[in-house]
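Paired with subunit B in one complex and with subunit C in the other, subunit A is shared by the two complexes that follow.
For the complex of A and B:
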């Protein structure tokens, strides 16, 4: 069990804010930290890692990581940290990068095997692709058999295909080593696939905490298919109206009745919803 | 979107599918849904929604029809366009609209004052909002 109770004043993007988090996380859990940028997610990870100071306490399975007078240095906290940028030693081979953390050859072999890097163990990081580099970072983070694995948007620099592959690696390592994992992520599909719990931070406070479905599924009443868009145009056609709406990179059309047409204006941000029964899906040609 | 005030009278769930029964102005209405929000229970007052294009109108309806919601109403007003027709009627104290093709309205010889049945499939009915207790 991870018990976190910390406070810290921060300079956020919109002026002063107060990071104030009171949170417990079950052992072996996979937790995603989400929320707008500048909400304190990375700071919280860094405080857990001991890279940043804060008021309060952190206990991990009854061991004290931080208390009024005790602050355990990062190297004494059984953690692994994976950053968005790979932070590898470029003058060392893949294998040496792992063994630098701990001289456990058997574990290094096992990790490289699990992540399909065995054939690349003699290579220097500069000769690897982004996805391969991030796999090495992940293996290196596991070399201390950490109790707590902290990841700060580990896959955000990778393309979607590579992301899905690494998500599987992350999940395998998390399960095999029984770590407790906390990952900062903005990607709903990644959170849905990996995490069993999502904590949403806003302005330094927890504003939502639940399963990915509870937190991420946007609903409007009983309508489970819900997206946010902007009205580009409302066209009168016969006795009905057609609203042209942009959603992300796409444009869609929605039929409105005459009462609805009066309620909305061009340029307005709106929620577009329908029942889960109505949309159909087909393969991309 | 047509809005109908209703109260939940029964909730039946099997795996992820739910059938919710409502009372709306003495009439029973039924909605097919996935999981419901936890705040929705028997007795909850809600606003139901149905799109004007999802309401079928029938005149002199005979035989069995699968639509769960069959509302007996009178036509208040018809606005005829080039191809479509907006038909307004009153149900549960509010004016609702059905949009049908002009050809259908002509075939039915539909006119103001006609008694019609407004049909809504349970999957086309949705809960728009929960009405707080006052």
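For the complex of A and C:
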């Protein structure tokens, strides 16, 4: 059980705000932290790691990590941390990066095997691709057999195919090692696939907390088929207008009449819905 | 004049001085450069200004203060002479002390600059791995700023070999003790022995150039190997 009660004044991108989080997380849970950038997600993660100071308390399965007088340094907390930009030790080979954390050769071999990195263990990090680097970083984080695995947008710098592969690795490691995992993420599909709980931060406060289904599916309970997108362009074609809208990684066109065309502007976030009783679905060849 | 008949003692003295000063400074300046690169202390600008002083102060001013502080008339000089029986001026020990002060910024600044370019997350990853600041400094920070370390070592060495004013003020020109190459050249010119001055100067020029060329070649290779971050 992870119990967090933290306050910290922050200078966010939109002026001053107050990070104020009161939260408990079950052991072995996989929790996603979501919310707009500048809402305090990364700061919360860094406070958990002991990399930043804050007022309040943190207890991890009855051990005190932070209280009124005691604040454990990052060295003393049983955590693994995966940074967005990998943060590997460039002067060490892949294997040495792992062994630096702990001289457990067997565990290192096992981790490299699990993530298909064994063939690369002699290589220097600068010679690896982004996906490979992040897998090394993930393995390195597991070398302490951490109670708590913290990940700060670990996959946001990777392409979609590599993301899917790494999501599987993350899930495998989370299950194999029985860690409690907290991951900052912006990607709804990633959250849906990995997390069993989503906590949404806004302006330093928790504004939503529930299962991915409850939090992410905005059409919950209705028969509507609904997606959120951004208008890229509105084109006039004879008497009608066509809005080009980006939804996730897809571009779609929606027909508007002239009254509707006046309502919307390029760059706006919009909801596209249809009362389709049975949307047609087919496999990609 | 053949090269065998040249008295190389001043060169040897210059190199001995530069080697000792470089080693001492590496040990003293590394923690200070590390601290300066990591600290958020308000006193940082004062420390930086203080360590950079030797760059802007005329060597004669620095030499004068060092001479004054180390002489028997000042507390430090008197303490050393009375307690250990060591004289600190007009001998090699005095040269070493004066040079350590004079070359200090040339060691601190490249190291601090190197440490500042390090990815902060990489250092944090080391703390999270359970390693102390000191171990992180030795095993992660230093190996990742090899070009800066090499630059610091070489520039300090070269700068110490090349110093003149401070050495003359604090050491004088005692053959085999404080008469380093730069002082020797000055004296050749003073007595109008231009051939000797030419040879000495040419040796200094060629050596300095070779050393610097070596540093830049190494740094270029290193950047290619490890990839510019």
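Keep this in mind: the second predicted complex is superposed on the first by the 231 of 285 C-alpha atoms of A that agree within 3 Å, B and C clash if a C-alpha of one lies under 4 Å from a C-alpha of the other, contacts with A are read in each partner's own complex, and residues count from 1 in each chain.
The rule we apply is simple: a residue touches a chain if its C-beta (ideal position, glycine included) is under 8 Å from a C-beta of that chain, and two chains touch if they have at least 3 such contacts.
None of these values were measured; they are calculated from a predicted model.
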{"item": "Contacts of A:257 with subunit B and subunit C, given as first, second, both or neither", "value": "first"}
{"item": "Partner chain in contact with A:177 - subunit B first, subunit C second, else both or neither", "value": "neither"}
{"item": "Which superposed partner A:91 touches (first subunit B, second subunit C, both, neither)", "value": "second"}
{"item": "In the superposition, subunit B vs subunit C on subunit A residues touched", "value": "C"}
{"item": "Subunit B versus subunit C as contact partner of A:80, first or second or both or neither", "value": "second"}
{"item": "Touched partner set for A:239, first subunit B, second subunit C, both or neither", "value": "first"}
{"item": "Subunit A positions touched by subunit B in one structure and by subunit C in the second", "value": "none"}
{"item": "Of subunit C, residues touching subunit A in the complex", "value": "119, 121-122, 124-132, 139-140, 143-144, 226-227, 229"}
{"item": "Residues of subunit B that touch subunit A when the two form their complex", "value": "1-2, 31-34, 36-37, 40, 46, 49, 51-53, 79-86, 97, 99, 123-124, 126-130"}
{"item": "Contact footprint of subunit B on subunit A as seen in their complex", "value": "219-224, 238-240, 255, 257-260, 275-278"}
{"item": "Of all residues in subunit A, those that touch subunit C in their complex", "value": "49, 51, 73-77, 79-81, 83, 85, 87-91, 100-102, 124, 126-127, 140, 143-144"}
